[in-house]
Every structure is written in C-alpha cells, then in structure tokens.
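Quick one: the structure is below, and I'll ask about it shortly.
A, B, C, D, E and F are the chain letters, set down in written order, and residue numbers restart from 1 in every chain.
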Amino acid sequence: MEEEYAGGVEKKFIYINRRAPHGTVYPLESLETVLIGAAFDQDVSMLFIDDGVYQLKKDQSTESIEFKNFAKAFRALEMYDVEKLFVEAESLQERGLVEDDLLVDVEVIARAKVSELIDQQDVVLSF
Amino acid sequence: MEEEYAGGVEKKFIYINRRAPHGTVYPLESLETVLIGAAFDQDVSMLFIDDGVYQLKKDQSTESIEFKNFAKAFRALEMYDVEKLFVEAESLQERGLVEDDLLVDVEVIARAKVSELIDQQDVVLSF
Amino acid sequence: MKISILVNEGPYQHQASDSAYQFCVAAIDSGHEVSRVFFYHDGVNNGTNLTTPPQDDRHIQKRWSALAESNGVDLVLCVAACQRRGIVDEGERDRNKKDAINVADGFRISGLGQLIEAGIESDRLVTFGD
Amino acid sequence: MKISILVNEGPYQHQASDSAYQFCVAAIDSGHEVSRVFFYHDGVNNGTNLTTPPQDDRHIQKRWSALAESNGVDLVLCVAACQRRGIVDEGERDRNKKDAINVADGFRISGLGQLIEAGIESDRLVTFGD
Amino acid sequence: MSTLNIVNKSPFEKRTLDQCLSRIAAGDAVLLIEDAVVVAAAGTSYETELKSASASHKLYVLSPDLEARGLAERSLVDGFSCVDYKGFVALVTEHDRVHSWL
Amino acid sequence: MSTLNIVNKSPFEKRTLDQCLSRIAAGDAVLLIEDAVVVAAAGTSYETELKSASASHKLYVLSPDLEARGLAERSLVDGFSCVDYKGFVALVTEHDRVHSWL
C-alpha cells in the first residue's frame, strides 16, 4: 500500500487516543493511520488521555489472548518522524501510573493544556 | 419464522434493558427476542434500568431519523402473555421521569429489589 | 455441564468474539459440553468466509469453524441479523435474490428460537458483547 | 465548503451510519460539497450488497449508493478493514482467492491514505462512531 | 479558533460528556446527538453539571434525536439551543474544527 | 442461589461497574474481563470503591486480560483473585446464573 501525496499542503493533524488497548480495535487502527499518514508529510501529534494512556504501558503481553502485540510499534514512530506524543498528567495519576511506566518518551501535559493543544489543530481524529 | 418447543421444561428468563432507544439496535432486538420467545411458554420478565427506562417513554417519534418506531410494540406484549415488566424507581428519578411518562403499565421496584429479582431467574439476557 | 454462548459483536472490532472463543476452548478442556454458540446482532459477522486477516494475526472465522468441526459445537447465526448485515447461505441467496453466498463452514443460519432453546436446554448461558 | 466524513461503525447496530447519512444529505441541501465518505473499522460493513433489511425499514446500503450516484460522493472503504471484515471487490477476490464479490455499487476499496487525503483537502472532517 | 465538540452517548452510560466538559476551552461549543440528547431535557440528575457548563460554552442538542426519544415536548436545560441536521451542518462550518468524543 | 456478574468495560470509560455494584446481592461475585481489568490493579482512583465492594462480594479478574494490558506485575486491589480462562469456566459452573453487564 504505497501512497503519495504531492498536494503541497501541510496541515496539523491530531490523533486522540482515549481507550484501553485490546478491548477494541481502535487503538491499533490509530497507530496504523499514523504510520500510513506519515507518508503525507503533515504535522502530526498523538494525544493520550483517559484510558488511552494504557496503550503506552510497558510489559503488555498478548500471547494468551492470541492478539498481535502492537505496543512495540510505538517505538517505531520516531523513525517515521512522529515525535509529538502528549500524555495527560491527570489521566496517568487517576490510574496510578507514572511516566516511567510508559514504553516511549512522551511530553506530559496538564489537563488544562489539552484544549489549547486541540485548538491549534486543523484536523482531529479520535480513536 | 414459526418455531415450536415441546421440551416441557419451564425456565425463568429475564431480559435486562439498560440502554436508551435508537442509539443502538439492542433495545429493538430485546423486544424481538421476547416476542419470538413467547412461543416457548417460558416464564418471562423484562427489567428496565438505567437508560433502559427511556425505551418506554411516550411520544417517541422516529420519522425524522427514518427509524422504525418499535415503541408501540411494547403495547403488544400483553397479547403474548408477557406481563411482568419491571422498572427501577431510582432510574426514573435520576432521569426526571415518572410512571405516567411510560407507554405501558409496569411494576416500579426499588433498586434494592433488583438483585432479588435477578437472583430468582434461570437465564439472564442483557441488551 | 452443558454451556451455551451468546456472541453480540463481530470479529476484530471488539474483544467479545475473542473472549467467547477462549472461554469455549477452556470449557471444553475442562470437560464441559459447549452445545451451541448463538451469534446475534453484529455477532453474525463472525460467520462470513470472505475475511482475509493479516497473516500474523488470528483468523477468527477459521478458529470458530475448526471448533465446530473438532467438537461438534453448533454455530448458529441469527437469520434476521444476517439479513441486516449481509450474511447469506444458499436458502437466503435464493429467497432474497442475491448473487453470492458467504456463510463459512460450520455455521448455520436459523431463527432466534435457537437462542431461547439454548437458554432452556443448557445449564448456563454466557453472553459476550460490547 | 468541502466536507469529508468518517464512518466507524456498520449499519443497523449503532446509529453512527444513520447520523452520518442524515448529515451528508443536510450538508448537500445546504449547498456544501460532501467530497468523500471514508468507511473505517466496522464502517466498511456499510458497503456490502448482500443485506436484505425488513421491507418497512430503511435500506442503509442503498441510501449510500444512491448518494454516490446522485451527488458524486466518493464512498471509500478501508482495504485493511475490508480484509478483516469480509468485504470483497474483484481485485480483492483474485488476490485473496475468494469465491464471491460483495461490494455494493458506488463504493470503492482503497487505502487509509484516502482518509488522510480527505483530511488535507477538505475544509472540515466530521467523524461518526460509537 | 473554536472547536465544535460532538458527544453521542448518554452520560448515564459513558463518561464521555464529563471527559469532554473537563477539557474544552471557554468559547468551544458542545453538540449532543444520538443517545446523548437525553440529558438536554430538564429535570435529570445531570442538570446541574450542564447548567454550569452553559456559563462558558454554547450547548446544542439535535432535535430529530430528541424527538426519537420522546423528549421533544420537554423543556430543555437552560442554555441549550435545538438544531436540526441543517443547523448541525451550520455549526460544523462556523467552527474551525470538529472533535467527536468517541 | 448466587449470580456471577461479568463486567467488561473500564469504569473510567463506562458506568457499568458502578451500575453493577449498586445492584448486586451480598454473596454475588463480580468478574472483570477485557478493558475492565485495569482497575483491579492497585493505585487507581477507583480503588476505594472496589475495596468497599470486596467486603460483601467476591471479586475476580481475568489474568490473560491483565497481562495484555501490561498489568500482570502490579499488585492487585485487596480482595481480588486472579483467574485464567479455566478459572472463568469454573466460576460460571459454581454460580447459578451469569449476568453480563453490557
């Protein structure tokens, strides 16, 4: 699936991830969309809030439920120049998680900053 | 679809309805299952709790969303000898509804009685 | 014990169908009889033979079909849900004048009465949904 | 304005596909251009031509196909989601060795890039899901 | 640069509406559609929360979905405006982006 | 005559677990599966609610689903027992009926 886009327009895309992994397919599909979308040279941010923060939890092991373990793919994002990963501090705290529990380097932001981040975007994709 | 069951076993079935109508197909399917199930001569109860109480709200008009208006079919339940309709009092109150807002006669029960009702059943079907 | 299962969601979108399958395998391994799996609502989408999941992923339909073959589990798709979702066997194709059949091996299309019957004849009915 | 739509759920189970359709009709009636509807996840199930809903109910697939025909709306089904759900066109049938084709008129199967492109080229992208 | 936020689930069922309201900027609008419309009707236990939200946000509810749930005749929580699908389209065009809270 | 209650959604996302706990009898059991398992781990803001539930109910969590979410190494909220799928099956047979809160 090779796709190219030569439109020359650059827009700001944000992918908002609010669900725990594996219970639904949305977290996996969010990552797939970001990886495919990388070919379009847009400005891409990923935001993890609410149960979405569990997507970045270390030590996920999906063998016994026979699912693909896509968590590792978050580590590949850097190679695709997707480097703006935001995680909401309050979402971590409510779940007893700390930054060190996460698979990849992220920027932790306060809940009060979330609307500011979203209001800078052109396109919001929610998963 | 005519089905007959001559097994001679009578079990207590409860249909638990917890969702508002129209946003998902489950409320409609609950009613369909009850109507089909009537042919099996089982002991049937329907319980409406949480947003499920909206399924019984009078004045539903689905023309502008082009949906089938299945609410009327609740009135047909009596002809199928499905007469045990339970509605939880607290679910009505939280939603600002009173018994007179409902399409059909029901028995209003307290939240504290719900577990008792369920614990009398053989089969629980949740929609 | 005789256990029946109700599956309300299609493959891949929600974990429901996976959970139901893993439960069935464990029930059989524990010496119980899984007599029927009834697929309702989007659950009927488990029964199409037209899926081609990625090679490194589980093949949900084939897993179900294999369970029917190896353990005689009766896999029933709700006919009304099939009509709304586009799952077709020979009878449905002829009745509704469709060009294709897509029901997978080991699944059969039948009425909601099969769910009620499962409730009556099984010792337990376990529902998996969204 | 140029508006694109993302539909994440299949027909009949959730209201999402209905809401998306009603929105498209209203947008066109208001003089806007609905350039593309991208069907993702279970949303691809909107594009099977094998459904036979009850006669007194809406025919969701036919409504979409009619919108494509009358207003030139580009109805795109995500290929990876189609493979997981069993929606097949001629190319997919040949590639994956399937026995049937079930993609409905007016729909085409393509990649996720079509969603990104819609985001770039439209003035607004509106998502309908569960 | 304001956002139209869309919520489609009842706050009695899912926490989406709470989660949306806790994060949007003053001036952002919220539109309730599908099963979310039930709390636009006055008299629910969710009314206080919505009244305080209406101080800083425009609140809208989709009337065809209200009608479908038998709530068209009810008075609405103060601060709500009803829109039909054309009004929904207008809201989409008047805001800079649309965020569906799913 | 006790009931096995199954909850499959995180209480941070849906109100199902609250709605279940507010209505079950003393002696009824609750099993968390799928996305609901996240709150079986200690340290979340939901812990207090579960601790008080464990006074009158047996609480179980499905271990394969905990592992999948990277929480197998975490200590669990007091009162929880881990089961695998065979343990899940045993719970189904040991209770008189199963109620999946969907």
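The rule is short, and it goes like this: contacts are C-beta pairs under 8 Å (C-beta built on N, C-alpha and C of every residue); 3 or more make two chains touch, one makes a residue touch a chain.
Here the structure is a predicted model, which is why all the values come from computation and not from measurement.
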- [ ] Could you tell me which chains are in contact with chain C and with chain F alike?
- [x] A, B
Task: Pair with more cross-chain C-beta pairs in contact, given B-F and B-C - done: B-C
- [ ] Pick same or different for copies chain C and chain D, depending on whether their interface residues overlap by over half.
- [x] same
TODO: Find the chain most remote from chain C, comparing centres computed as mean CA coordinates.
DONE: E
- [ ] Using mean Cα positions as chain centres, tell me which chain lies farthest from chain D.
- [x] F
TODO: Would you kindly tell me how far, in whole Å, the mean C-alpha position of chain C lies from that of chain A?
DONE: 33
Task: Inter-centroid spacing, chain B versus chain A (mean Cα positions, whole Å) - done: 41
Task: Mean-CA-position distance for chain E and chain D (Å) - done: 26
Task: For chain C paired with chain E, centre-to-centre distance based on mean C-alpha positions, whole Å - done: 38
- [ ] Could you tell me which residues belong to chain B and also touch two or more other chains?
- [x] 18, 22-26, 50, 65, 67, 122-124, 126
Task: Numbers and ranges of chain C residues touching at least 2 other chains - done: 8, 12-13, 15, 22, 41, 54, 80, 125, 127, 129-130
Task: Residues within chain E bordering two or more other chains - done: 8, 12-13, 15, 34-35, 64, 84, 97-98, 100, 102
Task: Set of all touching chain pairs, with the criterion as stated earlier - done: A-C, A-D, A-E, A-F, B-C, B-D, B-E, B-F, C-D, C-F, D-E, E-F
Task: Touching residues on chain F, where the partner in the complex is chain A - done: 8-10, 12-13, 34-35, 38, 41-45, 47, 63-65, 67-73, 84
TODO: Spell out the residues on chain E that touch chain F in their complex, using ranges where they run on.
DONE: 12-15
TODO: Spell out the residues on chain A that touch chain F in their complex, using ranges where they run on.
DONE: 18-24, 50-51, 54, 57-65, 67, 71, 93-96, 101
- [ ] Report the residues of chain A in contact with chain D in the complex, numbered from low to high.
- [x] 1, 3, 5, 7, 9, 11, 13, 25-26, 29, 32-33, 36-37, 39-40, 42, 122-126
Open item on the list: Using the touch definition from the top, list the residues of chain D that touch chain A in their complex.
Closed with: 6, 8, 40-41, 79-81, 111-113, 115-117, 119-121, 125, 127, 129
